[in-house]
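Quick one: the structure is below, and I'll ask about it shortly.
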Amino acid sequence: MIYAVAVATFKEWSVYRTHTFVSVFVGPVYFAVQYFIWTAVYGSRPELAGMALDQLIRYFAATALIGYLTMDFADWNLSMLIRTGKFLTFALRPIHHRFFALSQKLGHRVLGFALEFIPCLLIFHFLFGVDMRPANLPWTFLSVALAFSINFHFNYIIGMASFWVVRTEGIRNVVSLIAKVFSGALIPLAFFPEWLRMVQFFLPFQYTVYVPAMVFTGSFTPWLVGYQAVAALVMYLVSELVYRRAMRRFCDVGM
Amino acid sequence: MKSLSIYKICIKTAVSQAVAYRFNFFLSLLITFLGSLLLPLVAVLIYGAGASFPGWSFHEVLLIQSLFTVSQAMAKVCLGNVLWDTMIHVREGSFEVVLLKPMEPLAYMIATTFSPDSFGNLLCGLALFGYAAAHAQIVSAAAAIGAGLLLFIAGVAVMAGIQIIMAATSFKWVGNSRLPEIFGSVEAFGQYPIAIFPSAIRAVATFIVPVSLVGFFPAAALLGRAEPEAFWGAGLSLLFLGFGVWLYQHMIRRYKGAGG
Amino acid sequence: MRIIVAENLRKTYKTYKKAAGFFKRETTYVHAVDGVSFAIEEGVVCGLLGPNGAGKSTTVKMLCGALYPSDGRLEVMGFSPASDRKKYVGHIGAVFGQKSQLIWDIPPIESYKMNRAIYGIARADYKSILDELVALLDVADVLEKPTRALSLGERMKCEFIMAMLHRPRVVFLDEPTIGLDVIAKAGVREFIKKMNGRGTTFILTTHDLADVEQLAEHIIIINHGKKVFDDSLTHLRRRLGDKKLIELTLNEPPPPGALEGMVVTVTGQSSAFKMTLEADTRDISGCIESLFSRMSVRDISVKEPPMEDIITALYQ
C-alpha cells in the first residue's frame, strides 16, 4: 500500500519537475521585483499605510509561499469534467466528487510543499535575507489551513457554473481578476481606501491571501482568524447547496 | 505581397471568429482592458499613500507603464496565440497540417493566430498613454520624439521576440502551460524606473533580455532622459527578435527530423 | 508514369528509455520505416495498409514533406518532399480523418478563402473549382454554416474541398471515412472515384477494408517498418490460395461423416443447419456437386473470403 502510494507520488513527481522549476524561478523573480520596488518607494520613510518596510517585504514573501500551499485548479478541473461529459463517471461512483477533488488537491499541495514551498522558503530566507519565521506558528498554520479550505470551496463553486453555462472561461477570468486585486496578492489591502476595505470584509477574497499573510507577519487579532473560520464555514455550506442544485440539474437535463 | 494578402484574409477570419462568439469576445475585451489596469493600480495606490518612486512623478511612471502595456498588447494581438497553437499542434501531432501549406510555417502560424481578444489590452494601453502624455512633461523636440518612437519600436521587437521564443520552446517542452509565467516575471523589470534595480539586473534587462526597452527607455526618451545604453539595447532588440525567429525555424527543422 | 518513387526509404527515431537510475537515460533506436521501396503510377488509387505502429503514418508524413527520411530516396512529381517542401506542397493535398483543416468556429467557405490566398489560386479558377467540388459532394447548403454545426459527414466532405481547391495532382487520405455513417462513406468513396477518374492520384491509408476493396487498385502493405506486399488487389486476394467460402443452409442436420474432407470455418451459426465451408476455386463445382449429393441443401451462396482474413494473415 505504502509502496503503491510512493510509486504514484514519484511518478507525479517527474511531471512535477517542470512545475518546480517554473515556481522556483518565477516566485523569486516576482519577489525580487516587489523587493526593489518597495525598497525604492519607502526610501527613508518609517512606514506606509501603517506597515513598515520589513513587514511589507515579509508580507510579499508570505503571499508567494501561501500561494504554493493553497493554489488549485478545482474550477478548471471541474469545468473540464462537466464539459467533456466525464463527470458522469464520478456521479456513478459512491463518493462525493468534491471529496475526491479535495483529496487530489491535498496530494498536490503536499508535493507543492516539498517542491515549491521549501525551495522558495530557503531562497527568501537565505538569499534575500528575509526573516521567514512566522510571528506565531500555530495561528499561522490555522490561518493558512482555513485559507486552503476557502480557496478550494470557492473555486469548486465557480467550477460548478459549468452545469449551467457552456463556456465558463469568461466567468473564471473575471473572478480571477477580481481575486487578484482583492485577495491582497497585488498589494496589501491596507493601501486601499477605507470604504473598499469594508466591502472586502464581506467578500471571500481577502481571507485567502491577505489575512494569512498578515497573521504570518504578526499583525492580527484572534478575531481576524475567527472571521476567516466563519468565511470557511459559509463557503463550505454554499458549495454544498450549489452542489445539490447542480446534481438535481444534472439528473434532470441528463448532461 | 502574397503574405500580406494572406494576412489580411486571416485577420478578417479572426474577426468573424470573434463575432461568432460575440458575448465571449466582448467579455474578454472587457477583461483584458481591466486586466491592464492592475499594473498602474499599484502605482496609483503607492502615490495615493503619499510615496513615490524617487525622481519620478506619477504621470511619468504611468507613461512607462502605458508604453509597456501598448507594446505588450501589440505583441499579444499579433503573436500571442502562436505559443498555444504550436503547443496544441505539437502535442496532438497535427503540426503536419501546418507543414502542408506552401508557406513559411512561422508566417502561417502568425497569420492564423491573430487574436482580437487582446484589443482590450491595446485600448487600455493607448488610453493610459494618452492620459499620461497629456500630464507628464514630454519634451516636444523632434529628436526626443524620434528617439522615443525608435525605442518604442525596439520594445515591440523585444516583446515579439519573447513571444516567438516561448512558442519555439514549446516544441521541446510540450504541455508546459506555465511558460508565459517565466517570461512574464522577467518582463516585470521593464515596468518601472530602471534605477530602482541593482546594476546587475539593469544590465540583464538591457543587454540580455532587453525588457527595459519595452516600457522604460522609450518613456525616458520622451521625457528627455534617454541614456546612451538605450540605443545599444535598441540594436540588440533586433538581434533578439532575429534569434527568436531563428530558434522557431530551428525547432521546425528538428521536428521534420533534419539532423535532429 | 511513376509519380511516386521510394527507394530503400528509412526513418529512424532516437528515443530515450528510462533506465534504473534517476538521471541515466539509455538511447535506443526505433526503425519506424526500415528500408521500404515502392513506386506508384500516376492516376491510381493506392491503398497503404498496415496495423497500428507499422510505419504507415511515418511513411505518409515523409510523403507529405513533413518529415525528412533518415536514409534512402523519395521522389514525388520530381520533388524531394521534405527539402523542397514549400514548392512541393502546393501540388499535393491531404485529408486527415482525425486532424481538421477547417476552422472550427466559422463556416467552411471562410476557410476556403484563406486557402485561396495561401495557395495563390486565381479568383476565376477558384470559383469554378469550388462550384465543381461543391456540386460533386452535394454540400452547397452547408458552406455557410459554422463548421462546428456540421455533421461529421458534412464536415468530412468540406475537408475534401479544403484539400483539393488548388487542384493537387496527388492527394493523401488518412482514415478519410473514420466514424462516418454508411451513406456518408458511400458519398466520400463516390467522390474519390470521380476525382480519380479525372486523373487525381490518391494515396489512401485506412483501417476500413471496405474503402480499400472499393477504391484501391494498387495495394502496399507495411508491417514492422518493412514492406510485406506490393501488388494489385486481385493478387492480394490470390495470396492466400484460391479460396471461396460456401455458406450453406440445410433442411436437416448433416448426416455423420458427410463433411469429411471439408474445411468448416464457422460452425453452428445460429443453428446446426447453417455452416460455412472453404473450397478451392479450381474445384468449386465438384465441391458443390458433392455437397448436394451428400445432404439436403435449402440455400447456398458462394463468397470471396473477407479481406480481414487475408490482411490478418499478412500482418502476422
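For reference, chains read A, B and C in written order, and residue numbers begin at 1 within each chain.
To be clear about the criterion, a residue touches a chain if its C-beta (ideal position, glycine included) is under 8 Å from a C-beta of that chain, and two chains touch if they have at least 3 such contacts.
For clarity, every value in this text was computed on a predicted model and none was experimentally measured.
The chain with its Cα centroid farthest from the Cα centroid of chain B is C. The chain occupying the central position, as judged from C-alpha centroids, is B. Rounded to whole angstrom units, the spacing between the C-alpha centres of chain A and chain B is 28.
Centre to centre, using the average C-alpha position, chain B and chain C are separated by 46 Å.
One inter-chain figure worth recording: chain A and chain C are separated by 52 Å, centre to centre, where each centre is the mean of the chain's CA atoms. Counting partner chains per residue, chain B shows two or more touched chains at residues 21. Those residues of chain C whose C-beta lies close enough to touch chain B in the complex are 11, 13, 61, 64-68, 70, 82, 85-90, 92, 94, 96, 99, 101, 103, 105-106, 110-111, 113-114, 116-120, 146.
Considering their complex, residues 2, 5-6, 8-10, 13, 16-17, 20-21, 92, 94-97, 99-104, 108, 112, 256-258 of chain B touch chain C.
Chain contact summary for the complex, chain B toward chain A: residues 21, 23-24, 27-28, 31, 34-35, 38, 41-42, 45-46, 48-54, 173, 176, 178-179, 181-182, 184-186, 188-189, 192-193, 195-198, 201.
By the touch criterion given at the top, residues 18-19, 22, 25-26, 29-30, 32-33, 36-37, 39-43, 45, 48-49, 167, 169-170, 173-174, 177, 180-181, 186-187, 191-192 of chain A touch chain B in their complex.
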